[in-house]
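Here subunit A shows up in two complexes: once beside subunit B, once beside subunit C.
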Partner chain A sequence: MSYIHFPVIAVMTLFMGAFLTVVFGRKSKAVRNILALAASCTAFVLICCLIKPVLIDGEIISYWMGNWSPVEGYAIGIGYEIDQLGMFFALITVFTVLMSCIYSIRYMERDSALDFYNVLFLMLSGSVLGLVLTGDVFNMFIMIEIMTFTSVGLAAFRNNKAGSVEAGFKYLVIGSIGSSMTLFGVAILYGNCHTLNMAQLSSILAGKLTPSTLMAFALMFTGLAVKSYIVPFHTPAADAYTTAPASISMVFSGMVNKAGVYGMIRLVYIIFRAMDKSSVQLLMVIFGVVTMFVGVTMALAQHDFKRLLAFHSISQIGYVITAAGLGSALGLTAGLFHAMNHTLFKGLLFLCAGAVYYAAGTTNLDKLGGLSKKMPKTCICFLIGAFSISGLPPFNGFASKWLVYQAVYEKAVTSGNIFYAFATVAAVVVSVMTLASFIKVTQAVFFGQLPASLENVQEVPALMRLPMWIMSALCVLTGVFYDQVNKWLLAPAAGAALNVSGYIDRMMGEGYAAEAGVVNIPVFAARFSFWNPVVWLLLFIIVLAAFCLAIIGSSGDRASISSAPADAEDGKYATFFSGEKSMPSHVSGSDLFWGFKKNWKGYFKVMDGIHSGRVNDYALYVVCAAALITVFVFGFVR
Partner chain B sequence: MEYLKILFNILVFPGCLFVGAMGLLLSGIDRKVLARMQKRVGPPIIQPLYDFLKLLGKETIVPKAANRKVFLGAPVVGFAALVVTAALIPVLGYRAFEGSADLIVLLYLLTIPAVALIIGGSSSGNPYAGIGISREMVTMMSYELPLICIFLAVAKKVGGSTLCFSLSQIAAYQQANGSLIGCVSLLPAAAAMLLVIPAEVGTQPFDVAEAETEILEGPLIEYSGAPLAVFKLNTSMKMYIMTALFSALFLGGLATGVTALDVLIQVLLCIALTLICMTTIHAVTARLKIEHLFKFYWTVVAGLAALSLVLVWLGF
Partner chain C sequence: MIIVNYIASVVLVVLGLYVIMTKKHLIKIVLGMSIVDYGINLFIVSTGFNEGGTAPIYKMSEFFRGSFFVDPVPQALTLTSIVIGACVDAMALSLVVKLYKQYHTTNSDEIRRLRG
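Our next item is the complex of A and B:
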């Protein structure tokens, strides 16, 4: 069987898994788990089989459903088209699905109605995979719809807990507004171009920005932005990520979110090929910078582990949108790299939050503390994730953020626009705030004092730790060997987005793109200036080794060094609490940054007002932002 | 031979030994001169070395509430990160590891020791340490904003309309065109950098994180013996690293090309910078509150740095 069938089979497997679970998985837990695992493993293997032809050999796979190939130059059938960009996101998707599936086996065991969970989960997975593989805008819209409604179900899954139904409802309302805008945009495009195929749309729309196509652009841009939760469309995300089970929060931030980002990249780079316009670049970068800043400042104010992670998710997507919005090869590479890294470290962090919830029964930062002694392995995974997202070298978050700064500042110096210089400054400051916020979580959850109620907490089962270890390892590896990641994954994906003619030709026949006047943008190899993590790591290890040798060498005659009083019940060795038995810290875990917050009182007050929790307000933001985007597009995009 | 050279670079010069010695020397001079400014006699200049050696011999106590591995590992990680960072900064003309890190990387490498201090303090489980790490973190947020503005201004000045974060390129530019401190547009940036140094090192009036009189050295409260010695050494080494970074960014034109002479000039520059931006400020000020520190850096210092960035952008 030829590999051209693999993509469609992968999507079908996931959907089939969902239906089989409905039929056979109602009674037996084992059958349910086996079905879910089998479906996600199959999808994973099938997509991995495509690495060789698509990413390494550079082939673009096209697949016409029912063999409805184009007739007289018009693509009527639904076509799947897998270029390197789609392949990159498909890899992210199947990896996330597999990790979440393994994790959920033990994590979800205390919940009821697990057959519904598996059905929704597999349908969500199938829809995201279909979204990134399809070459048809209407098919994309359908996948977005499935994605939205399964997400609603999953966000409200633990409906015995406060806020979950509310979260689901918010998601439903905002998500539907986004979907309808996308649908409206697709309809306008169909009316204009008489086709729904992305490749054909791309060649027809070349240089044809009439008022109606501009309207379609504005609507689809807004619709997809809603799906990637950039500010001001982020409001349902914070609630949904918090109330959904951790295995699903990880899926939300790992791939559902990325599906929106993918859609935006596909829209601006390929369907409209608008990324050479400085106005579109400005639009995306403004949205990106606002998103990263609002996301991180809101995260600083949170009291709940998962809600805090949710706001960081929003903030990190800001980096992706900023970098991808620069329209340069370096920028797109940086954006894609950060998107991938975000899947890894944020997925890892959500799994850690899930582990804490599983072990301690709460994710409230004010009630946790001192868990590093009870859950040392989770603590290590969490620290790796936290260091990655805060961009400490040599973890992967640093490599991608560093590329983002370079890309943004390159844009600043080459275009001479000082706005981009300040965007760079904002990106760095946001990164420091991210670090601050994770220090807070580390202190409030894993270090600090252990409350008496958590004395009996135990480490989570090995099956839950397995995906956490895999993702931690990847966080380190992709950070240290980022050159290889760039060579095998990012450069092909960025190249595919910037060279559209191959994509069009593959779908519509050789020479179609040239006939329509499509020109390729030359891709420069993304420049990595000076950061050699391997050298740095080697030096670091040498110093560490020398240090340890020195300690061993000197401790021969002096045994007192690092002597451990440990558990002696002697008051002399207990933690010093200024004479009292246990004086609680008057700075609670969640208020660690009052020095910062005091100076920003006004800002936080405004932000509190904006995040009112009323779905009417949130819908209003979406509509207003859509209006603003439309005005901007009509006013400036030429 | 190649490997021997690398080993020499990392362990002797400009790595471990050199940085450690420079750090101890600078803090010794700092203490001596500060004492003279306050009309005290002051300790001998090698007092920090005595302190270091004495602490090494003391008993190390790990508190019961602490996570033992993290508690003992944090100072070592901070130390190693600082040594490697120091090896990446050019000593005027002498560049040991050219092309393995640029300005932005340095900005992040400099956060690792601070994070090590925070994690170590945090793992001790002491409430004073909790307050200390909160202040340390806010201090970090305060000075990162001006620092990145300074770096971007320098990068724009040197690179023109190309992207330039490379320390070697900055050094080469200064050797050709004179030190960057001679540019009018970069003067505010240099002033801002001088103010960033004491916060980064954590000397008075910006030592809110360790404030002995209020929170008993914050993150260090539970540390004793060898780990404490290493943390103290880390602080001293930061004095060298930050002053060396200043001279690499703004005074690179003083390089002569003769390594021995360059090293001597670098040592003198570091001493001078320590006296200007740490000792003098220490002697004439009292400790700030954390919210005032934050405000000061985000308005005055960041304002200076941003002014520089705008001036460079306008072509001055």
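Our next item is the complex of A and C:
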């Protein structure tokens, strides 16, 4: 039974690592690296030790800090509770931390003040792990705050680079509005229920939606949505992912983002148990679809490698929210699967971007090109990541996206709501645009012409490639063995979110849930129809559509090229196939879709106005969205 | 008159958000963030208040069912929240100093290199 202490020890190890780095890591680089690596390895091993009891045996671990167990049915102390859902996100977290830690050893070696980097990194890791393991809403708020501070510090870490302090400031303003709203919601809940324990809140709030609890729901929903950076709260995330070091961008999109998603799932599925209400489902799916679409179209317009990846990251979170917002077992499974896969492939892509920055010194797509000859191994990793995120079989992105389509389509059929049919189409179209966008990036960075300034580029060190290889391998493995992943990871996690009574009973004592009138929702096993011929037809259509988009994008420029001395036809195809100096191309690889952008000029103009860079505007979006959510919740949630 | 506290706290939060949304000076934005925090702190500490209750300090022998005191948990929460709010302000102000050194302005209209 000693493993019940492991979750707390894992969180404490990461925080202790941070404090020890402050004391001992000042002078020596070796001590610093060993401390960071030891802390993250320890956390990884401790959480992995919990796989057997929690995920395989189905036990839920509860842990009362200082042994303050409930008195007469009221939770007084701070409790940690690890159910399968929290365990799933904890595994994602510790994996991301370990990979980032290994990568940063060589990647960050040219920066100064690395002791602060390690302190902030370990505190960020500890806070996210604490957030996913805690069973107390106020503790969750504290962890969110620590997460926000350390994220700001890390986003502004390279403060000699243009824009990084600016990104940090915007992140802090928007993030603190989000956490203030969470705190306000928590306070209202406490005023109503006189408890902060999630399990007890869940049993008290069952079916009792008074105006004040609805207000708390709207505020907490907004606060946690800000933390998962869905549209319209995404603006500081795009900046922070761009300016942070790549090892941190990976952490941001791999687990900080997921912490917000976890919070939303915990809020709607467990604390309020509101997912059987079609209005809440609609709210989440609307946000998800808007996020998907805005993210991917903004990505098409970017000229910076990491900023482009940042917008894709936002877009993929839209898939997760859409699927998780369906409220069905299939939808939640799809959402969790895509969340996990997003950590793998997006982390991999950010690490590749970091490798390009390390080797070439820039992430500007207009200045890069032809790196596949100089960095073939990075290129292979990048291609695996790009195929995964675009949803090509047999990579993991395909398996989870297919499951998302299936879930949304099933919802459209069962509910008969035309909006869900639209959402299915939107999900497929966004996937097409993702593929199109990654054709552009691959073209702009790894193929095409090698600029003269990049002649001396070398492949990155092996220690940086190691996490990239591990993540590439996992991208393929989780795509091929999707049914094993479903059986051991996703099904228990989705089951835990849908069957709340076990969670409540473990924390508050046997029979507590039944007394409070908690009813479990039966879980149907999610079916994969993966090798269905229709799938391959659909895939063919997606690829064809992406190429059509690419052709349309580049054929629009024929008129302007015809006045150029070189042959127009050659100029066009050179963009795709040549790497030769004798065939200069007129459209740079990074601007492959300028024809497309020209056709959509009005839309992009509006989007450009929205992403104005003013922190006041960004705050305005958050407040307006909060107001809209509140009105929606009061008007439609019954 | 606990209802006055609730109204005041909401007014403070709304004022703070208004400041963040409309003022261009970065220091004013930071002040707006702290006003939001203060409004919420007032709200939390008010939720635990009981009219006529005593301070929540008891020995186990003096403690019986029906002891009437103010709820200590919100006070602990408020303390935590005040500390966090102070950290937010300190961090935001230090970022403003950095920003002023780099951009030579504190006007949020001119601090927008990252956009689009």
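To be clear about the criterion, the second predicted complex is superposed on the first by the 583 of 638 C-alpha atoms of A that agree within 3 Å, B and C clash if a C-alpha of one lies under 4 Å from a C-alpha of the other, contacts with A are read in each partner's own complex, and residues count from 1 in each chain.
Throughout what follows, a contact is a pair of C-beta atoms (placed from the backbone, for glycine too) under 8 Å apart; a residue touches a chain by one contact, two chains touch by 3 or more.
Just so you know, these numbers come straight off a predicted model, no measurement behind them.
Touch criterion met: A:243 reaches subunit C, while subunit B stays clear of it.
When the shared chain is aligned, subunit B comes close enough to touch A:544, but subunit C does not.
Using the contact criterion defined above for the overlaid structures, shared-chain residue A:391 touches subunit B, although it does not reach subunit C.
Contacts of A:473 after superposition: neither subunit B nor subunit C is touched.
When the two structures are aligned on the shared chain, A:167 is found in touch with subunit C, with no touch to subunit B. Legend: residue contacts after superposition of the two complexes on their common chain; A:22 is shown touching neither subunit B nor subunit C.
In the superposed model, A:56 lies in contact with neither subunit B nor subunit C. No residue of subunit A contacts both subunit B in one complex and subunit C in the other. The part of subunit B that touches subunit A in the complex is made up of residues 7, 10-11, 15-16, 56-68, 70, 72, 76-77, 79-81, 83-84, 87-88, 97, 99-102, 104-105, 107-109, 111-112, 115, 118-119, 122-128, 130-131, 133-135, 137-138, 140-141, 144-145, 148-149, 152, 155-156, 159-163, 165-166, 221-222, 225-226, 290-291, 293-295, 298, 306, 309-310, 313.
Listing the residues of subunit A that touch subunit C in their complex gives 138, 142, 145, 149, 152-153, 156, 159, 162-163, 165-170, 172-173, 176-177, 180, 183-184, 187-188, 190-191, 194, 196, 238-239, 242-243, 301-302, 608, 611-616, 619-620, 623. On the subunit C side of its complex with subunit A, the touching residues are 13, 17, 20-24, 26, 29, 33, 36-37, 40, 43-44, 47, 71, 73-74, 77, 80-81, 84, 87-88, 91-92, 95-96, 98-99, 102-103, 108-109, 111-116. Subunit A meets subunit B in the complex at residues 370, 372-373, 376, 379, 383, 387, 391-393, 398, 402, 405-406, 409-410, 412-414, 416, 418, 421, 424-425, 428-429, 432-433, 435-436, 439-440, 442-443, 447-450, 527, 529-532, 535-536, 539-540, 542-544, 546-548, 551, 554, 558, 560-567, 573-577, 583-587, 592-596, 598-599.
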